[in-house]
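Beneath this line is the structure, given in structure tokens, with notes to follow.
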Amino acid sequence: METSVIISGFGGQGALFAGQVMAYAAMDVGKQVTWIPSYGPEMRGGTAHCTVVISDDEIGSPLVRYPSAAVVLNLPSLDKYETLVQSGGVLIANASLIDRKVQRTDIQSVEIPANNLAEELGSRQLTNMVMLGALLNKLPILSFEDIERALEAHLPERHRKLLDPNRQALRKGAEFRG
Amino acid sequence: METSVIISGFGGQGALFAGQVMAYAAMDVGKQVTWIPSYGPEMRGGTAHCTVVISDDEIGSPLVRYPSAAVVLNLPSLDKYETLVQSGGVLIANASLIDRKVQRTDIQSVEIPANNLAEELGSRQLTNMVMLGALLNKLPILSFEDIERALEAHLPERHRKLLDPNRQALRKGAEFRG
Amino acid sequence: MVMAAEAELAYKRPEALSETTTHYCPGCTHGIAHRLVAEVIDEMGLRQKTIGVAPVGCAVFAYKYFNVDFVEAAHGRAPAMATGIKRVLPGNTVFTYQGDGDLASIGMAEIVHAAGRGENITVIFINNAIYGMTGGQMAPTTLPGMVTTSSPYGRDVEMAGYPIRMAEMLAKMDGSGYIVRRSLHDPKHIRQAKKAIRLAFETQERGLGFAMVELLSSCPTNWKKSPQDSLQFIAEQMIPVFPLGDYKVHEEIAKLRV
Amino acid sequence: MVMAAEAELAYKRPEALSETTTHYCPGCTHGIAHRLVAEVIDEMGLRQKTIGVAPVGCAVFAYKYFNVDFVEAAHGRAPAMATGIKRVLPGNTVFTYQGDGDLASIGMAEIVHAAGRGENITVIFINNAIYGMTGGQMAPTTLPGMVTTSSPYGRDVEMAGYPIRMAEMLAKMDGSGYIVRRSLHDPKHIRQAKKAIRLAFETQERGLGFAMVELLSSCPTNWKKSPQDSLQFIAEQMIPVFPLGDYKVHEEIAKLRV
Amino acid sequence: MAKELLKGNEAFAEAAIRAGLEGFFGYPITPSTEFLEYMAKRMPELGRAFVQAESEVAAINMVYGAVCTGKRVMTASSSPGVSLMMEGISYAAGTEVPMVVVNVIRGGPGLGNIAPSQGDYFQMVKGGGHGDYFPIVIAPASVQEAIDYIVLAFDLAEKYRSIVHVVVDGNIGQMMEPAELPPMRPLPKEAPDWAVTGAKDRKPRILSSIYINPKDEEVTNIRLLKRWLEVKANEVRYKEYFMDDAEVALIAFGTAGRVASSAVRVAREEGIKVGLFRPVSLAPFPEKEVEEISKRVRRILVVEMNTGMMLEDVQRCVRGRVPVEFYGRLGGVTPFPDEILDEIHRVVKTSGDLEGDVREQWLGRLEKVVEGGR
Amino acid sequence: MAKELLKGNEAFAEAAIRAGLEGFFGYPITPSTEFLEYMAKRMPELGRAFVQAESEVAAINMVYGAVCTGKRVMTASSSPGVSLMMEGISYAAGTEVPMVVVNVIRGGPGLGNIAPSQGDYFQMVKGGGHGDYFPIVIAPASVQEAIDYIVLAFDLAEKYRSIVHVVVDGNIGQMMEPAELPPMRPLPKEAPDWAVTGAKDRKPRILSSIYINPKDEEVTNIRLLKRWLEVKANEVRYKEYFMDDAEVALIAFGTAGRVASSAVRVAREEGIKVGLFRPVSLAPFPEKEVEEISKRVRRILVVEMNTGMMLEDVQRCVRGRVPVEFYGRLGGVTPFPDEILDEIHRVVKTSGDLEGDVREQWLGRLEKVVEGGR
Amino acid sequence: MPVKGWIEVDERYCKGCELCVHVCPQNVLALSTGRFTPQGYHPVELNGEGCTGCAICAVMCPDAALTVYREVPQRVERKPKVEAATT
Amino acid sequence: MPVKGWIEVDERYCKGCELCVHVCPQNVLALSTGRFTPQGYHPVELNGEGCTGCAICAVMCPDAALTVYREVPQRVERKPKVEAATT
């Protein structure tokens, strides 16, 4: 079984890091995983996205056109990925910055005001973890414990103090019921 | 019929020019012809040689390993080309500078003291024409008139005064009986 | 506010700039240099005969921003490309616009020889002490001790060499007609820079040889400074290493008043 | 003549020259430069740790003529190759030997940046105002008006540019430790040239940065002059364009007496 | 050592260091710059040589000089930068010194863009420099392979005194994957017996690529070719996926190979007897293996991120036994698995054709894909 | 005009001038220097641009600039110099500007020597620069062809806005043969509609090879490839000798082709049914023609002055129909007709073998020839 | 009486870099933090009285986003059409 | 009394360029026009009395073909093994 997730947003919204956390967690539980960022001119435009593929077998393409799930942090990302999520897949949209509804009905979608929830926890920086929490709730390829262990092991030293808030953000995202 | 001649000597002995005169003459009488010099490091060593191929048909290789004739102005050239002249071919050796006999008996060879004959005509510079005269005598692919017309047409302006001596040198070479 | 007939236009975007938003980072002085070149082209009425040569560097898209014919050179080779153009179209005005990686690193031979040949071209040289486009590596002009992504411990002059001062070097070439260094860090210096650019084009139009204006410029993004702090960095850190001044001025140009 | 025990050897072919006849034309001063370098290597006892870098040019076979390890660089790239060697073998002595086409034309970027980096190498630069090896084309150092096979009407400075003075230019680089120009046209100047070569190697041994000795040299063959007339040409025509002198001397070297 | 989540370019660089790298000379260019930046940090830490050269021309000639001392030295660049290295690479080949060059290929020709591409296949494999020489070309397809093959690259370069190109694209350089780094190798104490190190108590050594007498050059060319035949006999590397009973074979390398493997996996799930042959050594090309495949399968589909370059090598080996078709994306576009799956479906459904220009046929299909916005 | 006895390099240069050359930018290198020297003399006489550049890198970029104005401009160099032009050539290809580059190939790799060689076949034909592009490559084999094809080169370069390489070797450059120069073409008054000339009363024009968005680059690559398919359809050129009833076909280009034609002529006199196919356009390669030949003949012998480069293109087209064998001389050695005649004798006497590495087989024979002092 | 002037900001170009803000001698420029340009920046705007039309802001602006007007006290004969302020 | 000296010419190296001939202050060098070196040049030779062993010829010789000896009036203690004359 191969699961693929695209996380996409403005630069600085933590899309790449959220993907890396998933990748670490997947590796630590013994799965195959690839993480690949966008790079180059797209970045200049201000968007950043990454693709994470998690599998039990050797992973072929680290890039997928039709992901199992998409986590979109802003409107351009929703516009781009909504149509691409596999039928039956998952779409997590950041309602704080996206002022339209998800159109598709053949996928599970969550519209979560992630910025607001993050700010409630004291920092906008936690937006990405809120979104990730919401994702894992719908797409339980990794447990919260897996993610938390990954955070613990791989969060850079200088961000250590954010460990707890990150945990809370994950939970908050997971618990959100639109 | 394809006839090939290699003319070889020290740089400055006029080997290249003698070949060019043949090439001009051949062209002017409507034959196919190629003239190709040695170039590069060999020249640094002080030898210069050229290959002239004259034919009624389109000429393939401008280079031949086994020429119909060789005109050798010095000893190293004799050493190199004596063995290569086609059986039945012609070898003209400059006896003024070569102090050994031609060994082969399956070819027509002429050992001619070309420097001396040229000096008799007033200039060492005529050595090449003496040798060419001797060649044409044995290998009548071109007539003396052809060569003289070529000299007339193609001798550079500043050497015009040498036209007559060149003619004489050709005759002298042709008339030489070893 | 009355937009009366009495209103005088005190400043207007030059015509030689196209109506395109640049991709430069906010506050990057590449934009100022572009504007000045465009103003000079307008003032001298050269727009319809100018051919620009864009570099590889942040200014790679310069061709989009000017309202003139443009070609895009290989990294460092703009002076060679400009030479090719100018030699077959001697009546046109040809300028290159190059960064310090482009001009002073990979393109060193081409710029020196364009100057040596006295090629009648104008070179706008943006010295921002860094490789902007590729994400902040050391340039030949990087200051001693300056941290970049390829001098992570600060530029160690023992291992990575000393800043190269192009204006001083090229002024040594007999083919050079006009070689100066200016800065873009405040309005006063910007005005001086513009005048220099004007004279550099005048040098070309008069066939007086190779002309280059070196402009000390900022890179807020890779210097990791605000646009304003970056200007201060130019004034306080760069100018001492790269003194402003006229390094070579053809006598005909020295007489000129613009 | 008595070959007595009282006989003192006043001059002997240096050991650092191999027992090989060079391919240089008779009277070509490339040979003198070789000899001087070999004498210095002998005197300083560097033979066993020296690595030479030969150019593409008439000196392409320099590697055959010295009794030291040698590599053969691509045209103009000897300073880069020397940099590579010196950086991984900092304890060795590394020198390049380059012609003016090699160093001042195609290799301009490499020599400027080797100087800029203060690369601890020694460069012997043979300025003969021509491309010897390829049969006498114009070099960046060709004198104005000089006829060569690629400037058949004489070097026209308007079209083909001005002679480039490398010593002056490289002396401008902060990484340079020792930059001088000497001539090989008579015994007195040859002695001075040798001293300069000695100091250029001393500069390297002391780690004082980039060192270059520019040597005005003859090319009888392509100048179409006798060896002796060629020396006169250096004295009368070349020196005025390429003034002899010390363009940069590190203070430690200036103190040295050799 | 355990697996870590490693970024391609950095893993690559660290692996080279652990293989005993003593000098790195390079010039920044996206998307290989991280390689240089990593070296800028690590090499001085280890007291080893690092120089940011003034250009790729200078970089390759610094490497050329440094490898002449017998030490492990390399450079890394991307397409336009590698073009500038062609003269230097040809010199090193002619001098018979080991040299490792990494090319992170980007979209071209010209300045192009910085996106992943395989458009330099010909340049790398056929030798973009002048003259007869035979570079070894290795194309890793994962971070682990990048690590393993950069180490191998040094070993092969030394064994055969040859150029080794390691070619990847930005995907592999930018990707993170779990992988294991090798232990740090101790640096050798002795220089090899051909290296220039100063003629201490021995005869001087000369390293040069000049053979002014053509007969000597011919002997050199023969020596190089013979060595190459040895390389061909010993150093062919490839990977197979589902090839045992495959009736249709995909042939693809690097990223295209990975993407193809995803498509093949899905097709297998659909019951299609398709396999993937992924050359790892592009040179020596797995000629015999491809020949054998062409005797076994019904159809071959070559997938590349270029206009069909390896395709020509495949065609040469297949010798018309079965139809060889092509699918490629261009200019920095990485194909997605679904496109290749579509191609597999098409191939199994149609009968195939030995005539006609396969590039022309593909171009028609590609234009539809592009028009469809994919 | 009547035939004159003309030297290859000079005839070549004069023909280019008469074809309307308005700029020459070059750097001296044996054996192409006479080309530059001729230009140094003639171009100023005609008031046209001549610059001795500081290097081949500069030269090609000067040409790149100058061709952007729509004028006919060229350079000429030899192998190492051409390697330095690879980046610039790739840029010009990506910018879709016409560019003519003459390569007088010399022995390599590296500095090698200055003797005639065909060792740059791959570099020229497959594109030694980075990225997907398709140079037209023309290989004249006589002074007359040099003249005719340099003129054609400009026409093709403009027609297809393409790179055209004209490749010869020192034999053709140094040789004198009777040949006829074309009349002097008048210079065009107007620049083409893509050229940069100053935006006088029109919109500005931009010439660039950058397509930062891969999708745009892909569209460009497709455009280039389509144009190439057109070139393939229209511009294949070759010459045949005694091919009508040939049972054995020699395939050889340039000097090797001429030498082979001598051997073929002698073999015909001996009654051997052998012919010669001489590709003139190495790219586009005469694929269909070689394919047809492989259906007609019993055996094919490829002759080159390299280690077997065009050989691979022949193998690709022959698709295993008949044995393809190889004979080459290396490193600047020009074969003599007698060696090739020996090969013809050998081929007609033996039965031929479809298996095995033909290069390996040839190498064994070559070593005997070399040992024999030939 | 000081000359009166005003500026127009072309929001296609303005990137909110604030360089003009820092150089304005009258201190009458500021970012409009409530609005975004099409490129997603806060544009600059006049936020006070006292602009003299000195055009110093325009001289500084890297994006040529500013047009500057100056009120002319009385009609003058010679009116230079458009003259860049820095000449 | 002038110092006495003499030279030896290594004919493997001498190319008969005459540069030594021109610089010899004693004018005692000349080409030996009757002989050829292995390379085909006329070698230089001492053709008169008066060589002082000054080694100026050797300093000039591009081919390091010359060895120069000097007669030492009396035995000296310190005898530098080989010192190139130009140091």
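Letters are used for the chains, namely A, B, C, D, E, F, G and H, taken in the order the chains are written, and counting of residues starts over at 1 for each.
The rule is simple: a contact is a pair of C-beta atoms (placed from the backbone, for glycine too) under 8 Å apart; a residue touches a chain by one contact, two chains touch by 3 or more.
In this text, all values refer to a predicted model and were calculated from it rather than measured experimentally.
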Completion exercise
Those chains that touch chain H and also touch chain D are none
Fill in the blank from the handout: Check: interface with higher C-beta contact count, C-F vs B-F, is C-F
Practice task
Averaging only over C-alpha atoms, locate the centres of chain A and chain B and give their separation in whole Å.
Solution key: 87
Problem - Centre distance in Å when chain G and chain H are each reduced to the mean of their C-alpha atoms - result: 84
Exercise for the section: Using mean C-alpha positions as chain centres, tell me how far chain B is from chain D in Å, no decimals. Expected result: 44
Handout entry: Distance from chain F to chain A - Cα centre to Cα centre, in angstrom
Key = 55
Problem - Interface hub residues of chain G, defined as touching at least two other chains - result: none
Completion exercise
Note: chain F residues in touch with at least two other chains are 30, 51, 54-55, 57, 80, 87, 91, 95, 110-111, 113-115, 208-210, 212-213
Fill in the blank from the handout: Where chain B touches two or more other chains at once, the residues are 40-41
Practice task
Please name which positions on chain H make contact with chain D in the complex.
Solution key: 5-6, 10, 12-13, 15-19, 22-23, 39, 41, 53-56, 58-75, 79, 82, 84-87
Exercise for the section: Flag every residue of chain E that touches chain D in the complex, lowest number first. Expected result: 22-23, 25, 49, 51, 53-55, 57-59, 61-69, 71, 73, 87-88, 91, 95, 196-201, 204-210
Completion exercise
Per the touch rule, the chain F residues reaching chain B in their complex are 3, 5, 30-31, 113-115, 170-171, 174-178, 258-265, 334, 336-338, 374
Completion exercise
Per the touch rule, the chain C residues reaching chain F in their complex are 18, 47-51, 53-54, 60-61, 63-64, 66-74, 77, 80-85, 87-89, 92-93, 109-110, 112-113, 117
Problem - List of chain C residues in touch with chain D within their complex - result: 105-109, 112-113, 116-119, 140, 157-165, 168-169, 172-175
